[in-house]
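Chain lettering (A, B, C and D) follows the sequence in which the chains are written, and residue indices restart at 1 in each chain.
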Amino acid sequence: MTAFKKEELLIAAMARLLRGTRHIAVGVSSPIPASAALLTRRLSGGSTRVSILGDPSNTFWSDGGKELFDCAAQGRVDAFFFSGAQIDGSANINLVGIGDYPQSKVRFGGSYGSAFLYYMIPRIILFRPDHNARVLVPKVDFISAAGTSPPEVWRRGGPHALVTGKGVFSFDRAVGRFTLESVHPGSTMEEIKDATGFSFDVAPDLKETEPPDAETLDLIRGAVGGEIAATYPKFARETLGVAT
Amino acid sequence: MTGWTSVDELVAQIPDGSRLALIRDGCGVAMTATRALLRRGVQGLELVNVPTGGMQTDLLIGAGCVAELETSGVSLGEYGAAGRFADAVQRGAITLKEATCPAIHAGLQATEKGAPFLPLRGILGSDILRFRSDWRVIDNPLTDGAADPIVAIPAIAPDVALFHCPMADDAGNVWVGRERDLVTMAHAAQTTLVTVERRYAGNLYDDATLAAGTLSSFYVTAIAEAAEGCKPLGLPNHYDEDEGHLRAYAEASRSDATFAAYLDQHVMRTEVA
Amino acid sequence: MTGWTSVDELVAQIPDGSRLALIRDGCGVAMTATRALLRRGVQGLELVNVPTGGMQTDLLIGAGCVAELETSGVSLGEYGAAGRFADAVQRGAITLKEATCPAIHAGLQATEKGAPFLPLRGILGSDILRFRSDWRVIDNPLTDGAADPIVAIPAIAPDVALFHCPMADDAGNVWVGRERDLVTMAHAAQTTLVTVERRYAGNLYDDATLAAGTLSSFYVTAIAEAAEGCKPLGLPNHYDEDEGHLRAYAEASRSDATFAAYLDQHVMRTEVA
Amino acid sequence: MTAFKKEELLIAAMARLLRGTRHIAVGVSSPIPASAALLTRRLSGGSTRVSILGDPSNTFWSDGGKELFDCAAQGRVDAFFFSGAQIDGSANINLVGIGDYPQSKVRFGGSYGSAFLYYMIPRIILFRPDHNARVLVPKVDFISAAGTSPPEVWRRGGPHALVTGKGVFSFDRAVGRFTLESVHPGSTMEEIKDATGFSFDVAPDLKETEPPDAETLDLIRGAVGGEIAATYPKFARETLGVAT
């Protein structure tokens, strides 16, 4: 097996979660999600459309910043990525602050579009490379966007999976719980349990996260790397080894 | 349209206490005008980020010009946290109206359409709603009784919209290109102030191609020329952001003292080309 | 975007019974495509005029293709009344959803924004409201109890939008120019079919000036080339309407017999350049 | 006094009603209102803006057909003109049909934007050159847009005046009635009463409609005629005597 970096594993793992989507949108400051989206487009033979906010060559917006939200509301965005300063076991995310709102102990940027997109886009992938109990908490201090909603609330979208530096979780919206589906090479289930502040289920067929095969690595380091360099030159150069 | 003027005269039309709408990074942030506004010592602004803020918002907050901020998020992007924003929020120094991006768009579009509110899906279950006493949850009136709660976002009515564009013509028509949020801002605001890279010789409406990206002078109060008017931020197809400057700003924004030094050095001294 | 195709293949993607959104005169009425649709013998259309109709709507009604029409008004402008429209309404041959222009815009914008309705001022006291059982009067939820009735306009969700534009590129991006209602229609419709004067060599997004007036291929289902595709109506900056033809059509539209003769002569015979 | 045509009298009379407006919009198929608007612009020294639908050189719209309605909703249109297949004494207008709706005996185009603009634009001038009891009726058969509203209805706009081929009426929105303000040269109050299907008040200082003075006629036939010829060449040529 070819050697691979953790970032390459994450890109490949997220691309598997994106399979079959027609349109993936990626927010700013997201080199790994953007790479996963571009890899998905490559693997789809170009049929998957990718919109990368802030990359003019990969965006078709011509109706202002509202177009992403309108587009998602029309059901035309299939997948998107969120991070979270905190994520809890009900898939609530906190992008606002730690401690009591509003005078939080730590203040982050804000909820951005999450309080809308989480309800509109079918496959939201939560992504947080650093997997620890300060991030993955029993209950978030501020709910920027709720993981689940009562039945009377109109909702098309929601959490699909959580990808961290240690493993991949699926999320069951009916039950409102995460299930650990795979553990990354080098991590263990025990380690994940210790580093996770919320309780979760474990898949009966818990696997090791499938490493990227040689062909996938070639794509990541080649075609995808070349494309991602337009927006993230440093990431392309230093992580994917692209000559920029 | 009152006409072409200087940047200082332009920002003189932003009274203290104005509700001021500002566009997000990368879409025409009027930084030269913002520095002029800071030098003027503007007070008590109620900022509306459309729909997010960056260095411009952080600067105005750090300099003590802001009483209230409606935003979906403020950060310096890849350069890190907006330090003066975070500090002001933690100290309770500004009134924060926490929002989410499409709600700010909807609020401006409500004013654009003369509607008191627009209904918006999502949001229910978010703590944003708990802290927005001005937002209301209503039942969708079209379901004939079946429960279908939806949030009514009140119209956002800025006193002033301020932004930067590639060009404007003598008559005061402004070429906004793809940045349609600027059109919504101008429609929603009472006063619209624009800085531009350059004057366009002729009338933008005489060219059908340019007309498609043109905001009429009808919505524009005043215009000033400000070459590289977004710097150190970027203007698409014109210039990139100044990474070194933004990195230094991100550092400076971490404390009052370093921010004060930045403000003195880069803002308070008269703008030099 | 499924690709470039012929006009006949394009209109084959409009199933019988479709809710079909059509733009008003002078903004890109796809007349060549409409004649192809008539020759195909389409049935049971539910037309949505955006926001008004003219010869195109009158033709489709006269030929018996229309089951329902939502409109703010149908006329042949300075050429007079739309005879087949008036006749069909008087005979009760079509279901008429009487509207007012901004309500149709609001209904499409509601779908564009994923909202079940948009609130709209005015209308109260108009008999339009009496006959629109799908429209609801609600109380503005922001007044804290003071009476402030306002009309909730339900979202209008067309199956298909059909219009004509100056050009499109190989990738399927369409240059709509100033005609922003076409953008709203495409956003709101499930299927968007476009005829164009000509192909643009290159990608419209590569030119920042053209990009400002471009609708992405993302929203476009199929495109066909149709030079002079609005005739006998006009296309701004390209050609004027054919006054003689429109005057003759206005005459023809006054009776079933003269309309049938027009239809046979000008539509049913294969389109000849 | 210079000789003048009826149309020139109407243009001058309407321009007096438009004095002081910042922005006048004019719909399609309205040569006399458009001429009155252009005359107002001339008399204002250019400070009044005029938007003529369908005339690209006199429109600034670049946001689609919705822009006129949004613009009016923003309070940025001060004056507009409506006609009416029927107009009644409460200033209700009917643009839809004569007889019982929907299968009217006579069907017109439809209400167009009237059901919105009537509520949004402060000075709506009703204009109907043919003044008779078939048009000016006790009660319209279909209310396209209502002349007045109960106090709880938000309303900025409404009927300001009615100009016909025989005279000029003002409208009092509080009372909901028309008042005859002036009678055109050649008409009489008796004739107007006979030709009007609704009851109306008469101004205590009822005047003859002031004819256009020589300077105004020069403007109408000169500068205004030249401008109106772009949209209405036949009208400019045959009525205003413009060489086109």
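For this structure, a couple of remarks:
The rule is short, and it goes like this: a residue touches a chain if its C-beta (ideal position, glycine included) is under 8 Å from a C-beta of that chain, and two chains touch if they have at least 3 such contacts.
Only a predicted model underlies this, so the values are computations on that prediction, with no experimental measurement involved.
Compared on C-beta pairs in contact, A-C and A-B come out with A-B as the pair having more. With each centre defined as the average position of its C-alpha atoms, the distance from chain A to chain D rounds to 59 Å. Rounded to whole angstrom units, the spacing between the C-alpha centres of chain A and chain C is 40. Put simply, the C-alpha centre of chain A and that of chain B have 29 angstrom between them. If each chain is reduced to the centroid of its CA atoms, chain B and chain C end up 36 Å from each other. Residues of chain B found to touch two or more other chains are 102, 113-115, 120-121, 148, 150, 178, 183, 211-213, 236.
Multi-chain contact residues of chain D, defined as those touching 2 or more other chains: 56, 61-63, 69-70, 73, 120.
If the chains shown are joined wherever they touch, the resulting network has some other arrangement, not a path, ring, star or complete graph.
Pairs of chains meeting the touch criterion: A-B, A-C, B-C, B-D, C-D.
Residue ranges on chain B touching chain A, taken from their complex, read 24, 26-27, 50-52, 71-75, 77-78, 81-82, 85-86, 89-92, 96, 98-103, 105, 109, 120-128, 131, 147-150, 178-184, 236.
Taken in their complex, chain D has these residues touching chain B: 23, 49, 56, 60-63, 69-76, 120. Within the complex formed with chain B, the residues of chain A that make contact are 28-29, 54, 56, 61-67, 69-70, 73, 95-97, 101-120, 142-146, 148-149, 152-155. On chain B, the positions that touch chain D within their shared complex are 111-115, 173, 183, 187-188, 205, 211-219.
Considering their complex, residues 102, 106, 113-121, 134, 136, 138, 140-142, 148, 150, 152, 154, 175-178, 208-213, 236-237 of chain B touch chain C.
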